[in-house]
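Here chain A shows up in two complexes: once beside chain B, once beside chain C.
Right after this comes the complex of A and B.
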């Protein structure tokens, strides 16, 4: 660990822009330990974050754990299932929904600190290297895959994010990396997610393909949510950010790497099943 | 009388000749089937200590003043150290000593794999040691990696000379065949990942060294450390009372032990050197990947006329070529067999023994090939195997000490007969099927191995032997054997093991040999003590020895009289009855092997490539079963580990740099409890009539051997797709399904 101290702020609004907030810590602590996040001080926000689910025009506090959500009768099926299929019971008991949306990629090149594009380097090592867990959309300039199951569910559910500074659709929380800015989110320094708001769908579902039955990030996750005649689809594990799919036919536009072409087959099958499940 | 003999010793399929002194093994064989204690399920005698955290593992040890070592390892697959500067590290807080190449001969200047140890230092805490490592100045000259085994072979980069084997005339056999099948099979590099990482604590007292170590062989560590450090073996004490798993990779002392010993010598303090999980995934051994190019020919009736295999093993920078051709040579009575085994020298971590090394990989290839052959012959796969059974060792014609594979096949029938019903449960995208595969392996153990038994005046007994229980439950099995012989309930037995200074020489725990090596020695020691108890009782109670026996904690006379054991031993007050026993020789001129068959049921989602193993029936013949409960947990462990290798585990390397990408347990995917199917264990439990007075063989390895092939064959039954590469990931499953569809269209 390079972080030396833990501070407890009086309010969430007062965080300065270099603050590294700590809630569940399930991703942050390993990242600090491995030197992938540099922080002299971690800011403990757990007790300040709203926690829990408010029914009726559903609001979810950012400090709500995945374990809370998988047991909640108030949240749509897609989100509950995405939480249940994520990580392990121990991790779900600690990890918060806000942190889950902001977790870093599992790309082994990035995690092992190869000087890759996402780390500010000039190329994506996964493209010519081992990339079976990587992207099928937006594979340039970085082929990493977003690992969050709940993010795909919340994207399909049209979640709106409330931060300490603004309200924005979940889709706008994420961005693809560019030459001059390699970040994958639009969150400013010191800005914190406080709450998520979403509308109850008529039906929703989350389906997940992984390498084993439990405790594995998605090779492909598919969320579908139906509101009246409209069904929204979103995918996990297929692009550097959670990926909204306009229609099943959009899978024809996938640009997989040689080692990720199989993910298109899986996505096709799961999208078909998800649409059938919410019909 | 002590007898000096020359005998053949086998460990993991490698034979050597050696002199041993054996005592006659005059004990009568126990009758077949469950006895009073042996053959009945027994909970682990140390189960509660383990569950409560009272069992002290090497990882738990904290000696006063103990320092912690951290090892500087090569970040490159192939590199040379140009310059090494310890000065800034030695000034770091808590640092007490540092060593580099030249200080300890496990440290290298040319690193042949990522993780090769280059330098080490010791500090007051592990985090201080790790922090100081970052301050060691090191300049690397990065060299070319070599990762592809076929390329290494073509360049002549071999670990050792190619191993060739031939019997009969393969060309003639192929010419006589009505059907020939040929295919290439691949298995991935997989890692042991024992719960307890490789570690040792070394402590010097004068010129004597104590090594606390997580090891599968106390006496091997003692011998190797003494030799390398130039010490008389009696100056090295090795301790391992509880151990968190080895699976073959903890036989040698390992670099960490020599580093701890050297740093302890330099600092005058005990030093721990423990691998982190990441180091464990880089530099603690692996099961090497294989490429197997195989061919089989058979008559229309299924008689095998030829088997041929070229096996290329991705051994690594160092290591050994495991006998992947073994099953092809040994499992079937085919007259014409030719194999070549090539061990590629690569810039990857050295392999190490891993639970039936070679045979797991080779059985996947051979038993997949047999299934493809059965399909082409339109013959039942079980029947094909039956028709090619070997009545004697096909390699040298030796008779088997016991072989009950035909009985295993008979016991497999009800499981095999489920396939109609299993297939009928296919629905939607889920296709179901059943597959089977056979198993051959060693597992006879051997001498030398010794045990002592001590019976106190309280009528309790202790088995003393400097063996190790690597987590398999041998402590319990040894207690059961001694309890049986002494006529004592199990709870009056203790077993003292795990310390070379506290008992006689004992065998390695590898090659499925602990129970067959140690069990007969323990039984002989207990019998020696029992004999003395009977002699004493006969004198004290003025009866003839021949009418006395030990049962239920009592000395029982044929006329119905009996005396509590403590009434006999209690006469001695502080005196003790001391029995000693040794392992007799293996049957001369015979081949001692284990056999079995597994029947797997799978479900395959043909749209997403998901494979679920739903049920595995494991039928094995390992002679007498000492503890059916411990045995079934060995079978379950082997199958679960096998499922990991079959479906999800693989070490991946970056093809450019040769650096490992799967060094943490989120990336290297071991099976979880949710991946475990229903496992049905059936052990024949027939003592091997030629092997020791116990008739037991080992069970550590047999259950992992046929699992991958049985699953892959079940996948073929379910889907028609031929999976030829492990692990069967989603992409491999979808590829095989696509290939099967294309084949079907082409017809």
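Right after this comes the complex of A and C.
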């Protein structure tokens, strides 16, 4: 275990670069206790983050729980459904939307501390090993699959992220790992997500394939949001980061591993259904 | 020293930064009704209520509880759900049962007569290795007697 102090600052603006924010703790607490995340200073930001949905032009506080969003009549269907289908009731009551967007990969090699590429090593153990829950896009050099349902919904909904330092489209919150930087997000040390903003679509939907009917990470999640004539698609569980799909034909360009080829078929079927649902 | 509000009483407890609520409830306060099975948020055995909302004590840090009131299975001793679980024979080994009853208490407080779909949605985070699910559903749908 590694973490020396837990503090509760009076303001969010002046966080130290090494501070590790703790919101609901559903992802972070096990990672710190297992030694997978080093956190000299944990900063409890839960009660300081904005919480709730602002009506009229949709603004969502980063401290809003998935349970709040599941019950909100003010968020688009795709986001509400992605939250309803995520995790379990206890985790939705605890977990915040900000933390959900930043959750670490569920790749079991990474979680078991194998010295793999994402941990700074030089190979991907999943590629030659067990990988049926892994990616079908951007499988080199790390084949992990992004686990967030709400992230796919928010990507299709064109969400903009407001942090303590800047505003950026959700797509720019994420990056693929590179030789000299293995991180999957562009958030700087001490930078906090404060709020998400999105435009109300004419119609939106989120569909999720799981190993069991509830309480499971997405094998494939598909979000579709229609704005006038334009429909945007985004997928969960198919790449190391939430994945925007320009058109259904882009699925032909998938490069699955032997064990994930089945996900391409699932994605194709769900994309077809999602498009029909928002037409 | 941290002050913790549990089942209506105030307690002074000690813990380090990474001490969990489950460790304190079981190890310091003797409230061993809260079980720990997976220890990482998957099974629901450690479910308690924080200000009435279901939460997992195994991944809740003691220091992050703050002013919120903790309700454990011991605090639900007189809840009619306990009898309902007995009547429906919704217990096999019993290890998941405290967590099941705590989640069910949160459900029926908001929705006293839940539909089958509502029960399944609200209880999805409580796994039962003995497979007592049909009996658990029966207990929750007959809890008012």
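Here is the rule we go by: the second predicted complex is superposed on the first by the 277 of 279 C-alpha atoms of A that agree within 3 Å, B and C clash if a C-alpha of one lies under 4 Å from a C-alpha of the other, contacts with A are read in each partner's own complex, and residues count from 1 in each chain.
In this text, a contact is a pair of C-beta atoms (placed from the backbone, for glycine too) under 8 Å apart; a residue touches a chain by one contact, two chains touch by 3 or more.
Computed from a prediction, not measured in an experiment: that's the story for all the values here.
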Review point. Between chain B (first) and chain C (second), which, if any, makes contact with A:214: first, second, both or neither?
Key: both
Review point. Which partner does A:20 contact after superposing on A: first (chain B), second (chain C), both, neither?
Key: neither
Check your understanding: In the superposed arrangement, does A:4 touch chain B (first), chain C (second), both or neither?
Key -> second
Exercise for review: Considering only touches as defined above, state whether A:194 meets chain B (first), chain C (second), both or neither.
Suggested key: neither
Review point. Looking at the overlay, what does A:132 touch: chain B (first), chain C (second), both, or neither?
Key: first
Practice item. Report for A:108: first if it touches chain B alone, second if chain C alone, otherwise both or neither. Key: first
Check your understanding: Where on chain A do the contacts from chain B and from chain C line up?
Key -> 214-215
Practice item. Note which residues of chain A are touching chain C in the complex, please. Key: 1, 3-6, 22, 25-26, 29-30, 32-33, 42, 44, 46-47, 67, 84, 87-91, 93-94, 214-215
Check your understanding: Which residues of chain C touch chain A in the complex?
Key -> 17-18, 20, 39-41, 44, 47, 53-56, 59-61, 63-64, 66, 103, 106, 120-125
Practice item. Sort out for me which residues of chain A touch chain B in the complex. Key: 106, 108-109, 111-112, 114, 125, 128-130, 132, 209, 211-217, 219, 259, 261-262, 265-266, 269-270
Practice item. Would you pull the chain B residues touching chain A in the complex into a rising list? Key: 429, 605, 607-610, 612, 647-648, 652-656, 659, 661-664, 666-667, 669, 671-675, 729-731, 734-735
